[in-house]
Structures are given as structure tokens and as C-alpha cells.
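Right, one structure below, let's go through it.
Letters A, B, C and D mark the chains as written, and numbering starts fresh at 1 in each.
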Amino acid sequence: MEGAFSYAPAIAAFPLAAFVVALTFGKWMPRKGAIAGIAATAGSLLFSLWMLAAVASGEVYHETLYEWTAGEAAGEVGDGIEFTFGILIDPLSALMLVIVSLVAFLVHIFSLGYMNAEGETGLPRYYAGLGLFTFSMLAFVYADNLLMAFMFFELVGLCSYLLIGFWFRTRSAPSAAKKAFLVTRFGDYFFLIGVVAIAATFGTVAFAGDDSFVAAAETAIADGDTLFGFDAQTWVTITGLLVLGGVLGKSAQFPFHTWLPDAMEGPTTVSALIHAATMVAAGVYLVARMFGYYALSPTALAIIAFVGGFTALFAATMGVVKDDIKQVLAYSTISQYGYMMLGLGVGGYVAGVFHLMNHAFFKALLFLGAGAVIILMHHEQDMWKMGGLKEKAPVTYYTFLAGALALAGIIPFSGFWSKDEILYDALIVGLNEPVIMAAYAMGLVAVFFTGFYTFRMVFLTFHGEPRSEAAEDPHPVGWAVKVPLLTLGVLALVAGVANLAPVAKILGVDIVFLEHWLDGEYGAVEGLTYSAYGELLAYETGVIGSEQLTILVAAGLSLLLAFSGAGLAWKLYNVPEPVAHKERLGSARRTIENNYYQDEYQVWLARGFTLPLSRAADRFDQTVIDGSVNGISTASLFGSSWVKRLQTGIVTNYAALIVAGFIALLVFLGVYGGWF
Amino acid sequence: MTVGVEYYVLLSMALFSIGLFGVLTRRNALMFLMSVELMLNAANINLIAFAFYHGNLTGQVFALFAMALAAAEVAVGLGIILVLYRNFRDVDVTVPTTMRW
Amino acid sequence: MMIEALIAVALIGALVTFMAPNRIAGKLAFAISLVPAALSIWMFTAFDGSGNALLDGTLAFESHLEWIQLGEYSISWFVGVDGISLPLVVLTTILTSLAIMSSWTPIDDRESQFYGLILFIEANLIGVFTALDFFLWFIFWEAVLIPMYLLIGIWGGPRRKYAAIKFFVYTNVASLVMFGAFIALIFGLGDGVTSFALPEIANAMLNGGPEGLFGLEGTTLASVVFIAMFLGFAVKVPVVPFHTWLPDAHVQAPTPASVLLAGVLLKMGTYALLRFNFTMFPDQVEAYAVPIAAIAVISVIYGAMLALAQTDLKRIVAYSSVSSMGYVILGLVAYTQFGVGGATFQMVSHGLISGLMFMAVGVIYNATHTRLVTDMSGMADRMPVAVGILVAGAFGYMGLPLMSGFAAEYFIFFGAFGADFPYAPLFTSLAMFGIVIVAGYLLFALQRAVFGPYELETDYEVSRAPLHDIAPMFVLLGLIIALGVAPDLIFQMITDAVDPILSGGDL
Amino acid sequence: MAVFQLAEWTAMAPALILAGTALALFVFDSISPHSTNRSLLAGTAAGGALASLAVAVWFIVAGVGTPTVDGGLGEITVLSDQFVVDQMALYFMIIVAIVTALIVVASYDYLVGHAYQAEYYSLVVLAATGMSMMAAANSLVTIFIALELASLPSYALVAILKDNRGSVEAGLKYFLIGALSSAIFLYGISLVYGATGHLQLDNIAEVIAAGDADPYGGLLGLGILMLIGGFAFKTASVPFHFWAPDAYEGAPAPISGFLSSASKAAGFVILFRVFTEAFPLGDQMNALIGFDWTVAFIILAIVTMTVGNFAAATQNNVKRMLAYSSIGHAGYALIGVAGLSADGGELVMGAAMMHLLVYGFMNTGAFLFVALAEHWGVGRTFEDYNGLSRQAPIACAAMAVFMFSLAGIPPFGGFFSKFFLFMGALEASAANTAMLAVAAALVVNSALSLYYYSRLVKALWIEEPATTRDRLARPTGLYAAIVVAAVMTVLILPGFGPVVDAALDAAVAALG
């Protein structure tokens, strides 16, 4: 199947073509460009599956396709450097390609029901945006070097901006779009420094191969080199953390998470595709992609794990008080990506990727389900105006429920398996590392909140009595909505089969397919395998009693918490006339409702600090700098009006002045020449 | 018996200064003109005295030229003073001050 | 004789247009301007030079005629292009054509004079980028001022007179300082130099340097000259704190003049810095690297902060030009291949992008007669294509990958990060913060002006822009993306000319 | 071309032709005192000026003044060395002839309806004769006579609008200051004569070189200073500049142009000649008078350019602005003397000579534009000039050329000469660091001058007219003169090579 890879560029090229077609001819096409998008993503999906099959057959692909530019590298290495576009298809990227193209494909179909059927205007722009996004995301996924990854990482940010701001005629959407771009840009600032630093340090930005920066870093650490005045280990940590800035921004991790809830201003389909399943995953994916590099730096990993654990809990607590269905999902997304970061941070490469995959499916499902609910509710998003949709929209309900169970981590839905694996990995490392233990603890507590807000959402939306006219008479949804829901619903249920690690360990059966997949059992690029990473990791693991016992304890704890959260939600909200119960939170309520004032301080940073500072700079510029320029001119003209007064108009004065001037010259020269 | 050249120079300088004083103080155009003539003649004295001193005639000849030129200058000057009077009804040189600054 | 042909066509075209009736002047000027554009593109494809024009490189399209013998020094008509100047020539000719087309709508008074001046400016700009004799170069350099002064003064905004005179006098003073410094240097070089040909002077500088003058040691003289020339060019670039003429000039200038001002005129300063300071004074560059880098960083950050405080779209773009030029300085002072090459690349890239931005702002202004973001909202509703291009341009400005701005900035950052001067990574990282602020003010402006519900404070009916307003912007956008995707279209050519600079002429 | 099989006195032909023309006009005036045949009068005068120009150019091309070792004909002396025709003399004769021709052609229209046509033209040509002779004068006697020959008609010309108070006032002030200056100048001559016993320039130099003047150092120094006063008057340099703004403002505009271009150039040529020939720099000279006389010129140059430019900056009257600018340019040209040194200075002096030639075109042109505006009757201030370009684009374009050229902006002739001066000043700084101050002053003043020159361009091109005007006439003579001046101002830039050669050769020859 080696020939398959020569078609790899087409995976990204299809959606790019769809972008161009939709943008230029969309207006005159039936369905305004949707067909082009669906065809393109279907093509991408098929080709991605083909790549997956090719990798499964033991092939990998790492090829430079295009030289962007090349030149002399300055800095620590004096040799030339090439900046190229290349494709790296290994187990990780092949898997991600499938996830992205699948979700994109489903979202395109769903859009027929969500956008076209609802009579939106500007659809060519919408489909063009989706096409461009899919192109960028796929290209990011199989990028074979850090610079190319950065470039497409930025492009997906652009698409996110454009699509969040799709309804640009409102005030809120453009504002949210701006915020999303800005906050992620802030992260990307660090990322770009990281890229530049890595390129300048190692003279390469390749992810894989002997001349990758990961290999170079390993050598440098081994040789005890000094890089930019730091020892190699520290420098790797610094650059790794710089790149992490981009990751935190894109994956909406604390403290860059604030943009994601606002991004819900975009169409729900966009939220499903970009702000849940794929683009937000880009950050986590990047960590996985260059995991070998982070593995060299325990400090960086510990920070990743801690930030992940903290974000998981932090976001989950905010999710419990939200009234807007999409807001709940947004915070849940932040929280879930926190888990993935935690997983990767503790060295659970497989667990992290596993959760990434599962989350893509069930979160896309939940968002699309929410989209369906929004259609049902005539574009109402407030859960307090819903209720009782269970009977009226059974397909939506049951698929949504599947997604919710997966999200809450209820056995045997997919989310349970991956989340449990993350927590297990965190626990065994945490037993020796207090920082990781703290991260684990936060992740564990977050499970409770996850269960609670998930089922609070389910109960408020679907159970009880209808609380508004729209809820009593929902708008019907068509096949274009149901097909994607059903597809993703099935995946949410069964995707966990990919890696039943606890079962495997307890029962001793070899059913950890994903682990084998990522470990290169079928085929992999050298150095980019789970076991290769494992060798680099400096973590010690411990167990509670035996390994099996540890597994059971971990799984039991998280299940218990998930159930209790869900149960609490059931008790409070699965009633015909639910009430908010927010007063029970007491003094914490305001804080949580205001998202811990995270938005406030960031807005203050922008408006309260930067803007006044810039105004002060402007005033300084106008008065001091420009003032001195104008001052010189004014002074000259003043001097001018003074000089010309010498010319009194009276000829006798002229004579006197001439004589005076002459005598002055005479005296000066006389003194100078020593006459006197 | 000859008078030393320095006395001629002193005389000429005195004359020059008197002329200059006149130029600076007199407001009547004619007086102004006469004062200038004094200054020119101071130069002539010098020329002649130095010619004598140096023993060549250049200075004396030049003094003749200078007198002729002074006369021409006065002719032009008087013409101008005439039109001055016609336009300003005065020969006070400080009166015409329409152009200044 | 290609370069002569370029200049002559533009000059004669300027005269012809000046005499032509107003009603056909625009079309006529456009047609004429296509000739230099086509010729320069042909030159680009037929370019066979290599190395640096000043450092024994092989020049393309060279011509060298003795002109004036001034005592021991000869002044000649000496033109030619290398990999640094050719892209700028092409930029100039293309941008001029496009600027002319974009003037058809806004210019409705004294057209023949307007277009005549634009062509005149083009001739001089080509001269600036091709002249290799100091005096010849300086003639073109100064001659640019006149048409720009008149363009701003006659067709500009309400405060055009102030802006025009400020631009004129300020940049002229700077030129005088620079001229004096350079002449002093030539005298300081002594008998080794017998002409104003830049290659000869560069060679003399790199092989021994000045002997001393005015009682100064040779090295001291070189430093004084370096600083004076840097200050002279700094005004033109402009570098903080010599930038205040720029926003005034930009805001008051008519859009097409802004396009040329930002697109090409600012590059004169950086081009000259590269050709003079950074080619002839490698020792001084090294000695003053830290202060220059600091100035660059201040320009970037301070310029961006100022842009953030503005509400006039043109002022925003103007200040952001200050910021972008800071990157160029940073790239130059890095003195690495990517740094200097990236700086040159940024000159071209910024020329295209800022040209595009000014055109887009101009199109909106043509329709709304205001440029204040506070006066309008939701323009995307009425002018989707124009706004689309404005957004694209804004992202180009922010350095979106696959657009030329990213390539330029990345090259500069990469080149500067590994530079040899102290704290280079720190300076680079600080300067890079500009990419966040630039996103801040551009997105803020976009949010206010082009998105949101449609509102307009002025009483004008806003309709879609005509094709001849949009077409030039598409061309620019195409070029921006082409250079972003394939920077090697010009970057290899540039680095070929930059390498000899970095190796001190020993290639 | 074997020019001088002719008698030696024919070397003065450029001046003699002018003199003949003047006499012819006088004769004509005597025969027909009230003739208003403007074409004939202006034509004769112009013909004389052009013939003078042609002969001067012919001479210079034929090699008069070019040292014989270079294959030229060498300097030609007339009247026992009282006059010398060398390259510098011819060069300045050319300047005078050009300016005269321009002025005369322009006056054709300016003098419409004027009573004293013939007198006017003959006085102009007579003054030109004096200036032409100044160029060749080689002894203090001839210098003084030529100077007076140039001055006396000038006084009359300034006051020729007899019913115009401004003109009369201008004439009066010019005359009075002129008379005072002549007196001082003559006194200076007498002192120099006293110190050296000679009036012939080369003889003076010989006496000084021989050390025979050593006892009279103070006398000589004072004399030199007084000579400087006389030159300063003629060139309108500080402190003898006070007449200039008033005289130029009040005089008929063509006469202002004539005085500020030709008369100034003539003043400079005697300045150059006297100081290079009679008082060559050197240790001997310095010891004799106690200091290096360039110091005086450095001070004068700085003060003159500063006073001129600063006073010009805020003028409201265009003519007065040009008058002050003319003082400023005198300051620039003074650099040509200030930058001399014992072993060089060709470049700086040559640059000053180039500047005076270019100045002959651009400044005359500018004053002729003012003449045109007076002819139109649009008023005298900047505001009155507002928006003229809408009605008279060609003339206004020409004026813009003059202004930018005066400001030293390329691609016009003024650029080269000014920057060569700047260069020359810097070169001179190598020997005399005080010249750096001059260079710095030049920079400051250039910037300021740009401000006020562009103010006029602004008025013409940028401002909208305050009042509606009738169609403006296009007087042929004035237009022709202005356009020719403008075209020359532009074309002189590419054609600067021969100018540079001529000026530098002349400077080299003069500095010996």
C-alpha cells in the first residue's frame, strides 16, 4: 500500500479546493457550497482511512514535499537550515487525520440541516470557512516539522476567527471572534518564540528522523552542551515551555481558557468542529506530536500535568452554574482538554491520545446534539427554557445521552476508558511526585463536577416539563441532523474498545490496540513511538499494593465520583419543575458565576491597562516628541520675526547698524588678530 | 620741510569720522549726501598723501577719478532726492519707511 | 539600457500626462505605467546578476557613463541592480500602476497634474533603487520629496498643508545631515577614492577605512559618520523618535499617495540603511548593535502601542508602519543572512501589505467619507468584497502564515534570535511581542468599523466599490500570498546579494 | 580658432558690446526722446546682451584664459594690466549677459505704458557694462570705476518708477547706503594703497610677498576690512545688506532680479579676484595682518545666511521674501571665499561660482515671476498669489521650479551648486575646522529656506484662490523669459559637466 502515500497531499488539498470553489462560485451553487464541502471532506475521509490502512499495513510516510526557503542558520549551529513543507504520516497523525476528516465530514452534513435549512445568509462564506479550516487542520496534523505546524496552527486560528464571527452583524460575535484570536495569539507569541528558538538552537525544526530537533536536543543534553548561555536541559525546558504557550492558548488551558466560552457565539456546527473536536485539540496534539521533546524535560512535563489537572477542575466548577447549553459544553471542553494535558504530562501518551480521540467523538456529538436542540427550540439556548424534549425528539435525546455518559465517564462508554487511564497514569506517577499527585487529585475531583454538570444539562434539557412554548412545540429536525448524531452516538459508545487497558491488565488479555498502534506494532517512524518516549521519561511509577489493585482503586474512585455527581444532578434537576439551587453555593456563587473573574482581569489587562497605556503613549508622542519637532519650527519662526525687526525701514538706522556691524567685526578681528 | 605722512592720515581719518558722524546724525538727505562727500574726500586726501609718500602718481590720478565719480554720484543722488521730494514732500531721509521688517 | 528605459518612460510619461486633458489623464497614466511594470517584470525574469552591487557583485542591467568631473572626484551616471534592489524596483513599478488605478475614484480635481506627479515619483523611486553613484542616488533620493510634497499638499486632507511641509522639511533636514556625513567620509577616505561610485567607496571602507578628518581618528570619524547617517536615514524609515511626520503625512495624504508613501518611500530609508550603514560599516554595526537593537524594539512596541490608541484607520496603519519598520531595523542589526535577508524581504512584503491596507481603507473612505472607526460600523454589510480584502490585508499585517508578512517576520526573528550581539534572543523576543499588539489594534478596529450592525455617521449612500477599486487590491493580495507561499521567489535572490555584506565583501 | 590675431583690447568685447549697445540706445533716445517703440528698444538691448553672451562663450570655448600650457590662449591683459580677461572674467561676463538678456526680454512687457523706455534699457545695459567690466577689472582703480559704473545706473533704475513711492524710497535707501559704502570702500582702497603703494592687484601681492608692507600691517588690515565692506554692499552681505530688502521690494521686479543676480555676481567676482590675487593666503599674509582673513568671511557667511534666511521665513510679501532669500544666498556664496586656504579651495570657490551661475537663472526667474504677477496686478503677498496655478499653470510650474531650485532640491540646478558648496565647505573643514560651523549653518538654513520657499509653492499650487480673478494675460516677453529661465534651471542639471569644468578651471586659475 506504499502508493497510497503519494496521494496524501490530496487529503488537505480537497478542502482547499472546496474553499476556493465555495468562495468564488458558492453563490451560484445549489446548497451554496455545501456540496463541494461535503464532497471534499468525504474525499479527505476516504483518503485518511486509506492512510490509516496503509499505516496499519506497516508503512509510514515522511517526505519533504516543498522547500519553503533555506539559508544559513545563525546561532548555536553554523550550518544551513531548510524550512520545508513535508508530510509525516505515522500512527498518530493517521489516527488524527481520520478523526478530523470524519468530524469535518459529519459537521458538513449536519450544516445542511443546521445552516441551509434554517435559511442563513452568507453560506458561501460559511462553507469557505469550513473548507479552509479543514484544509489547515489536516495540514497541521500531518505537518512534518514545527514551523509548518505553527503556520497551519495560525491558519486554523484565522478560520476560527472568521467562523466565530460568522454572524458579524451582531455586536457580540465580532467581539468574541476578536477575543478568541487575541488570546490564542498571545499564546502563539510564545509558541513563535519557541519555534524560532528551537530553529536557532538546533538548526532544524523537523519532528522526526535523525535530524529532528528532538534528536538534536537529546544529543545536546547527553553532551552537556551550553545553549544560549543555559545548560541544554534548561534550554530544552525553556523552549518547550515557550511552545507550550501556543498549546495552552489553542487548547484553552488556564489561563488562556477565557476565549473558548465566548467562541460559542459562532454557529453551533462551528463549535462542534472547531471548538470541541479538532482545533482545540491542536494544542494537545502538538504536545503529543513533539512528545519526545517534552519527555526530555521533567519540569515541562510536570507543568503540563499540573496545568492540565488544574484546568480540568477549574473549568468543571464553572460549568456547573451555566444556563446556556453551549456554555456548559464549552467549559466541559476546557475541562476535558485539561485531562488530556494531565495525561500527557504524566507520560501517559497513549492515554492522552486516547482521550483526544474519544473526546473528539463525544464532544462533537454533544455539540451537534446541542445544535439539534437549538433547532428544536427555535434558536433558544437557555436550558431553563427547555425541558421535556425527551419524548419529542428521541433520536436527539438518546444520542445526546450517549455523549453525556461518555463525557461523565460512566462505564462502558468511551469516555470512561480514556479518562480512567489518564487518572491511573497520573496516580502511579503521583505516588512518587507530589506535584503530580496534586494534579491527580484535582483531576479526580473534577470527575464529580463533570458528572454533575453533564447530567444537570441532560435533565434540564430533555427531562421534566417543557418550560417554554418552543419546548412544547419543537421544530422538527431532518436526516442531515440525525445521521451525524447517530454516527457519533455509536462511536461514543464503542470507541473505548480501542484501548481497554484496565481490562487488559486485570484480565491479562491483549486488547490494548491503541497502545500497540501508537507503539508502532504495525508501523511507525523511529523515535516517535510510545516505548521510545517511555525510555526518555524520567518518571518513577509506584503502585498501591499491586498493579491490579491500583487499577481497581483508580477506576472505582473515578466511577464513584462520576456517579455521585450524576446522582446529585438527578436528585436536584430530574424533577418536573426544577429550580436553580444556586443559592446553596453561598458566597462562592458570585465568584463561580463570574468565572473566577478571569475574564475581568484579562479584559482589564486589555482595556484597563494596555489601552490607557497606549493613550498615554499617544499623548506623550503628540506632546513631547511631536511637540519638540514643532517646537523647533516655532522657535525658528519666532527667531525669524525677531531677526526681521532689525530692518526698521529708517535709512539712518541702517547706516548706524552698518557702522555698528562693521565696528563689531573690526573689534572682533582686532582682538583675534592681536591688533590691540 | 615736509609734513609727515601720518598727519595726513590723521587728517583724513578725522574728516572721515566727521563725515560718518554726519551720516549717522543728519536726517536731511542733502546733508547726508554732503557727509558722504566728506568721507570720499577723506579717502582722496589719503590717496594723494600716500602717492606723495610712495613717490608714484597712481594715487593722485586715482583721486581725480574718484572726484569725477563723486560728482556723478551726486548727480544721480540729487535726481533721486528730487523725486523723493516730489513723492514725500520732504527731504528727510527718515520719512520714507513704508518698507520695513 | 533597461533602467534608463524605465526611468525615461516614467519621466516622459509624467510630462505627457501633465499636459494631457484631465479626463483621460488617469487612464493614460495607467497605460504608461504598465510599460515600466512590464519592463521591470521582464528584468526580474531575465536577471542574471549575482552578489552584492557594492561588493564586487555582477550587476544586471548595468550602465556607467561619466558625467561630471569635480576636481579629483568624478560623478557618473551609474545604475544597475542586484538581488536587493531588483525586487524593490519591481515593487515600485507594480505598486505605482496599482496606485494609479486606485486613484481613479478618489481623484477628481486636477487629474493630469496628479497622475503626472505620480509618474514623476515613480521615475525617482526607480532611480533611488538603481543608482550606484552617490550623487546620482542622492538626486533621486531628494527629488522624491517634491512630488510627494505636492501630492500631499494639493490632494490631501484638511491638515494637508501642515503635514506636507512637515514631511518636506523634516526629511530634507535628515538628508542634509546624512549627505554631510557621507561627504565627510569620502574626504576622510583620502586619495583612495576618486569617484562617488558606491562600490568604490564600499571597497575603500572595507579595506582600511577612513584615514581621519577634522582632527578625528579614522575609526572615530567612521563612527561619527555611521551615527549621523543612521540618524539621517532614521527619519526616513522612520524610527522612533523621529517618526512623527509619518502619521501626519499618511493621514493627510490622498490614498494613492499613502500607498506609495508606505509602500515604497519608507523602504528608501531602510534600503539606504542597508546599502550604506550596514554594508560599509561592519565594525560600527557590531559596536552599536545593542543600541540599534534597542531602538528597533522600541520602534516596534512603541509604534504598535501608538497604533492601539488611534481611531483613524489611516493613522492606525501609519503607526503600524513604524512598528513594521522596527522589524526591518532589527533584521538589519542582526547581521545574519536571515536577518538582513528577512529585513529586505520585509521591505517588499510591507510594501505590498501596507499598500493593500491603504487601498482598502481608501475604498471605504471613498464610500463613507470618514476614516474614524467610531463613525462607522458594519461596513461588511454593504461592501463585502472590499471589507473581505481589508480583513485579508489586516491578517497579512498580523503576519498570518502563507502570506508574505509572516515569511518576512519569521526570517527576521529567526535571523535576529541567533544573532551575535549581546542579548539578541531577549531583544528578539521583546520585539516579537509586536505581533500580539498588532493583532490587538487591527482586530479592534475591524470589530468596530467593519463588523457589527451597519451604521454610519456621515450622510453618504454606501454601495459596493467599483471593479477598478477592487482589482488592484486583488493583485496585491495575490502577490502577498504568492510571496508567503513561495518566499524563494525573491528570497534566494536577496540572500545572494546579502551574503557578501555579512562576509565583509570577501566572497 | 585664432581669436587674437585681433588687437588685445578686443578681449574686452563682451563688455564693449554692452557699452556700445548702451550708447546706441542713448543715441536713439536723443533722436527720439519719447519713443515707445518697445520692440526696437528691447530688441536692441537683448541683442546686445546676447551678442555679449555669444562672444563670451566663444572666447571661453576658444580657450581664452585657459593656460597656455594646456593649449589655451592664456590670460589676456588690457590697458597695461588694468583689465585681465581670464576664465573667471569670461565666466562672470556670461552670467551678467544671461541675466541682462532675461531681464531685458521680460521688461518688454513689464514696461508697457511706461514713459522712459529708452532710458530704462540704456541704464540696464550700462549697468551690465559696469558689471561686465567688474569681472575683468584687475586693479583697485578699475574695480572702483567699474563698480560705480554698475552702481550709478542701478540707483536710477531702482527709482525709475518716479511716481511710485515704494520705488523712490527704495532708490533713496539704495543710493544712500550705496554712497556710504562707496565711501568706505574708497577709504579702504586708499589705506591699501598707503600700505603697499600700489593699486594693481598683482603688484600689491608682490609688495606683500616681498615684505615691503610689513610696517603697515594694521593699515593694510583696516583697509582690507573696509574693502570687505564695499564688497559686502555689492553682494548684499551682512552688515551691508540693509539696503537690499527695501531696494528689491520697491524696485521694479525685473530690476530687483537684475540687481540680486547680476550685480551680486559681479560683486563676488571682484571679491574673488581681489582676495585671491592681491591678498593670497599664506603665512606671510597672516603674519602681516595678524589673522587669516578667511575668518572674517566665515563669520560673514554664517551671519549672512542666517540673517537672510531667518528674516525671509516669516515674510508676507513675496518680493521681500525673495529679497531676504537673496541675502541668504549671498551667505552661501561667501562660503566660496571663507573656505579658501593657502593650499587649496578650488572646489569651494568653484562651487560658489557655479552657484552664482545657477542663481542667475533661478533667482532672476523668480523675480520675473513676481514681475509677471505685478503685470497681472494680482497683489504682492503670499495670499494674493493663492491658487494662481489654476489660471497660469505653466508660469506657476516654472515658479515652483525656481523655488525648489533655490531650496536646493533636485532635479534642478540649484541642487548641484548648493551641494557642491556644502561639499566644498566640508572639504575646507579638513584644513580649518571652523568651516564645520559654516556647514552646520548651511544645513540649518537650508531647512529653514525650504520652509519659506515651499510656502510660496503652497500658495501657488495648494491654496485655493481667495477671490475670483479674471483670465490672466500671457505676456510673451515675460513668459518667454520665465520659461527659458525655468528650462535652463532644469537642463543645467544634466548639463552640469561643462559648468563644473568652467568654474573649477577658473577657480584653479584664480588661485594660481
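Quick note on the criterion: a contact is a pair of C-beta atoms (placed from the backbone, for glycine too) under 8 Å apart; a residue touches a chain by one contact, two chains touch by 3 or more.
Keep in mind that this is a model prediction, so the values were computed, not measured.
Number of steps on the shortest path from chain A to chain B, with steps defined by chain touch: 1.
Comparing each chain's Cα centroid with the centroid of every protein Cα atom identifies chain C as the most central.
Interface comparison, A-C versus C-D: the higher number of contacting C-beta pairs is recorded for A-C. For the pair chain A and chain C, the distance between C-alpha centroids works out to 37 Å. Averaging Cα coordinates per chain places chain C and chain D 41 Å apart. Chain centres here are Cα averages; for chain A and chain D they lie 77 Å apart. Chain B and chain C, compared by their mean Cα positions, are separated by 64 Å.
Taken residue by residue, chain A touches two or more other chains at 633, 644, 647, 649, 651, 655, whereas all remaining positions touch fewer.
Residue positions of chain B with contacts to 2 or more other chains are 23, 93, 96-100. Within chain D, the positions touching two or more other chains are listed as 172-173, 176, 180, 184, 245-246, 451. Here the touching chains pair up as A-B, A-C, A-D, B-D, C-D.
Chain contact summary for the complex, chain B toward chain D: residues 5, 9, 12, 16, 19, 23, 29, 32-33, 36, 39-40, 42-44, 46-47, 49-51, 53-54, 56, 58-59, 61-62, 65-66, 69, 72-73, 76-77, 79-81, 83-84, 86-88, 93, 96-100.
Within the complex, the chain D residues that touch chain B are 140-141, 144-145, 148, 152, 155-156, 159, 162-163, 165-166, 168-173, 175-176, 179-180, 182-184, 186-187, 189-191, 193-194, 197-199, 245-246, 249-250, 320. By the touch criterion stated above, chain C contacts chain D in their complex at residues 67-71, 113, 135, 138-140, 142-143, 145-146, 149-150, 153-154, 160-161, 164-165, 168-169, 172-173, 176-177, 179-180, 183-184, 187, 213-215.
Of all residues in chain D, those touching chain A in their complex are 172-173, 176-177, 180-181, 184, 218, 221-222, 225, 229, 238-240, 242-243, 245-246, 289-291, 295-296, 299-300, 306-307, 310-315, 324, 448, 451. On the chain A side of its complex with chain D, the touching residues are 633, 636-637, 639-641, 643-644, 646-647, 649, 651, 654-655, 657-658, 660-662, 664-666, 668-669, 672-675.
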